[in-house]
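Across the two complexes that follow, subunit A remains constant while its partner is subunit B and subsequently subunit C.
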Partner chain A sequence: MSSARLKHTVSTGLATAFLCALTGLLWYFVGGGPSGLQQLTTYLILGLFALSVDLLWGFGGMLSFGQAAFFGLGCFSYAVVTTGRIAPIPPEAGLLGLALGIAIPMVIAVLLGYFLFYGKVTGPYFTIVTLALAFLVSSLALTWPALFGGWTGIPRVPPLKLDFLGLSFKASTNAFFLAAVLCVLIVMLLRWILDSRFGLLVSGLSDNEERLEFLGASVARLKLMIFVLSAALAGFAGGLFAANSGYVSSDLLGITVSTEAVVFVAVGGRRTLLGALLGAIVVRGMSYWLGGVALEYWQLFMGVMFIIVVLFFQSGLLGLVTRLSGFFSPGPASKVSG
Partner chain B sequence: MAPLLEINKVSKRFGGLPALDDVTITVEQGELRGIIGPNGSGKSTLFNLIVGRYRPTSGDILFKGRSVIGMRPDQRARLGITIKFQITNVFDGLKVLDNVLLGLISSGRWEEAGLKEGLENQALSILDRIGLTEKAGEKAGTLSHGQKQWLEIGMALATRPSLLLLDEPTSGMGAEETRRTAEIIHQLKGDLTILIIEHDMDFVRTVSERITVLNRGVFLTEGTYDEVKTDERVIEAYLGRGRH
Partner chain C sequence: MDQIILLQVLNTALIIGILVLVSLGLGIIYGLMDVLNLAHGEFLMLGAYAVVAANLMGLGLIAGIALAIVGVGLLGFLVERGLISRLYGRPIDALLATWGLSLILQQAVRLTFGPAPKPVVAPIEGAVSVIGMPFPIYKLVVLGVTIVVTGAVLYLFRYPTFGIKARAVLQDREMAQCVGIAASPIYSLSFTIGAALSGLAGALLAPLVTVQPYMGPVFLVRGFITVIVGGVGTLFGVVGGANVIGVTEGVVSYFASSVGAQVVVLAIAIVIIRLRPRGIFVRK
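Here is the complex of A and B:
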């Protein structure tokens, strides 16, 4: 059982590495240049954010439109610390900013999640509360310009530097490799977690919550754990995003960004991990390309793509690929080991 | 020693409608108790009160001498109260083996033999008891109705309960499946205390020693099958309904 789990984790990691490499290669052949590579890094970072949505929605069965609140808090944590906005810039500011960007969303997720899950706020009610969360946090940010920079946001956010390791991710290639390595590691970590007993409980939760509760699992605690874990990942992705883009503003906290991540996951394929990354790369890539062709239509395009996927390919692009490959090599249905 | 389960003057109203009215039932450790009564007599309501899906309007429920009122269903399950619902309720999208594993993991009542490999073996041995070993790798959703019922009994067993509630374990089953279910229940005898709601009177007679009869939310009588069968009030409850 344990070696199968290791194999599964490694193969998922390899698939992720392959996807990142393929994306990088494509860009190289298209001749996108350093600014193109920076774009690509953004896609991977948004892919990490989409992973947090996949964890919460795909695996946990909780659809949230407030995930950008955690992502955005990650962005601002990094930006505020590294630009010395409220306190002098500390040593290892980048690392500290990233750490705060994980810790602050986690604390908020614990507080909010505790009341939501132990108060039995589930299903569509949960989703509505998360909508309110996105609205609340992005509005609050605007009322506090000293910290969040108001309508103008925070410019000139420095790229990530890890002085104690002597590493700088200022160069676009460095930043891309960092993002790719993090994608691989985080996908592997999530795979490892989801293949554990905890992961089986998560599967049970999304399959039949009531049955799980009557078997003795604390459904509220389980949901809280998923919620906090996904908030941490969203915040981490936010910190990386700020470091890569160099600019943050309060709309990063809002509903549009949240919705985008949900679209990434739906398009790429839920419950696959890799699908979240794929969705971010494909949707963002297409909209970037479309932005050059017909700027005013890319959101329309995203909406249409979302509808098509929901109507016809509910398992997303990755599901489509799996089905096609299954068509060409009809393998045996998976048998249980032992 | 205190009885395993004491239902103490329990009433449950839905809006103004009384589903259970001042019911008192005591179940001793190791009993295999049948609960019968015409439709709407409050049997399933009683089970739902015991597992914590509903909260009684009044009265108390004691398990191992301790009140469970106010406890969540998962807390009661971890104390050792488990139910197989009337409408089959399994994890359709998960493998049969994983369904049973979830019983073990959710309750956390596997510790003693809780080695990593031991857990899967425990699940397999439960599948063996309910005769679903060959189905281990299949999705639970693909099982037949009868097999799902057995699987749910298996999941309940995986939580190593002291009290097992079976709500119509043979509903929708053919004669052969019913016989098989009786066998499974007979195997469990002695290990744990079982409460069974059933409509099939033959089945009730074969599996249970004592029978409690409810009628319109009220405790009617209690006794052996023969005592209950000849009780005037029971006959009236079952036959008199059509005649007012």
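Here is the complex of A and C:
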């Protein structure tokens, strides 16, 4: 175990904790009270979802417009289990729902990813295929109202409760702290993984795939692994989202939510982990600040964000901060390998 | 039974015609400039709304079609000059930027015309009898127009100087530039033509489908699958790809369902990417 790697992981964790604490300070900005705190919890959970996109796109170099399919499956797994929609509510329903919300996307990602990556569907083709899949999944979900609730969705999804630990996350403060702690832990875990040999290879995917292949790495296998990991994270975020928002609908599987996550990552800064969280908080915060008009103009706003980021600041907000202060340096992985 | 099958064939031919118009533009833009234009579906949607706008002004379909070709073509020109030309050599960024553009166009149309579908009446009433079954004249006219336009585009990219230069750039950009072909005006004009074709497809489709702000992406996806299947960098391949996709969609949705057709078409696309990454109609 290298101490540099440990140090890098801890410092990233501290930076994440700092970011979560800053987010907590936004409480009065979003109207205070439990509902304000619930808003902030949503930002953090969407940040976790954005992390899954950063993992796939920022590090793995695969831009997907279908990531919300995994997020949505996580949402529905939790909602279906905890509302007793198809079977009686089991004990520890929340935990089971979250676990299924991780497992089901992983299984689908293994099957789908196997065909796509061993079938050499790469680059822009991958993006197009995921776009097509996103449409397919949302129309399939609508044809199965018994499970997905049709156009109305599933209301009254209960908040998370872990009976064996005697913990309930019904209170908005508890839910917020849970989300913040999970954010810190997951960012640290990802940092730890990405600083490993496997992580270095994954970073190689977005740098030069061909060279990686020549060096003897199995590109298809690497891609599959990162795809499955990111599906698991997206599904987990989905489960948390359902528990926090109390309502799920088939929109959550669709293209708009996928797009939103890509915006979060692009705005926050690709390939930085922290940028994904920051992007979710800033973009969602801005949409809140736009207030009543935001709903009407939200999509317009996202479109403009895409273009501004691409044309003017490709490295995102975090890149801007890094350039200004050099403080939040994501740290080149090469430093750590020794 | 024969008549039903014949009607099915005619309807499928119509779908293929529209797919060709949409995919030609996509294929040209992707083949020439390496840009996956994710706003291409919105160009089609704007073409359909051009007809809606013409109707609101008391003008007929012909004026609507003219408006669609000129208006969407002009928009395409501006988009290429203002946005795409800054992003050559950065395919993923171009993809993101055009996705942003598509979101903006959808919302702009939604704010202008409202979210509800707009009815457009078929301008040519009446039907002809196809061995005893009525078939709308308008669909036959559309079929004719798509065939003529496709022929014209294939000619344009084959024989005139512009077409020869464009194909030179398409085959080998660096070599073409070395022998003194300026790529920039070719990009600009090709993007404009591609956009105008998509606008035309939308205008022709307007009386046949529900016109609403979010109609674009479905055609975008089908168009891309057509290009992938047919082969990037060949216009005849695109026509072939449209036939494969159109017939598959027609047959599967006739015997099963339209969702089933989507699944099958996507599966075909993936298999073809695997087995013939450069398309069915490209010689290896």
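Points to keep in mind about this one:
We adopt the following convention: the second predicted complex is superposed on the first by the 316 of 338 C-alpha atoms of A that agree within 3 Å, B and C clash if a C-alpha of one lies under 4 Å from a C-alpha of the other, contacts with A are read in each partner's own complex, and residues count from 1 in each chain.
We take it that a residue touches a chain if its C-beta (ideal position, glycine included) is under 8 Å from a C-beta of that chain, and two chains touch if they have at least 3 such contacts.
Bear in mind that the values here come from a model prediction, so they are computed numbers and not experimental data.
Look at A:Ile307: by the touch rule set out above, it reaches subunit C but stays clear of subunit B.
By the touch criterion defined above, A:Gly204 reaches subunit B but does not reach subunit C.
Once the two complexes are laid over each other on the shared chain, residue contacts for A:Ser2 go to subunit B alone; subunit C is not touched.
Of the two partner chains, subunit C is the only one touched by A:Ala266; subunit B is not. When the shared chain is aligned, subunit B comes close enough to touch A:Gly216, but subunit C does not.
Look at A:Ile104: by the touch rule set out above, it reaches neither subunit B nor subunit C. When the shared chain is aligned, subunit C comes close enough to touch A:Phe115, but subunit B does not.
Number of subunit A residues touched is higher for C, counting subunit B against subunit C.
Under the contact criterion defined above, no residue of subunit A touches both subunit B in one complex and subunit C in the other. The touching residues of subunit C, when paired with subunit A in their complex, are 36, 38, 83, 86-87, 91-93, 95-97, 99-104, 106-108, 111, 217-218, 220-221, 224-225, 228, 259, 262-263, 266, 269-271, 273-274, 277.
By the touch criterion stated above, subunit A contacts subunit B in their complex at residues 1-2, 197, 200-201, 203-204, 207-208, 210-219, 334-336, 338. Subunit A meets subunit C in the complex at residues 63, 65, 115-116, 119-121, 123-125, 127-129, 131-133, 135-136, 139-140, 143, 255, 259, 262, 266, 296-297, 299-300, 302-307, 309-311, 314.
Interface of subunit B with subunit A (complex): residues 51, 53, 72-75, 77-78, 82-83, 85, 89-95, 97-98, 101-103, 105-109, 116-117, 119-120, 124, 136-137, 155-156, 158-159.
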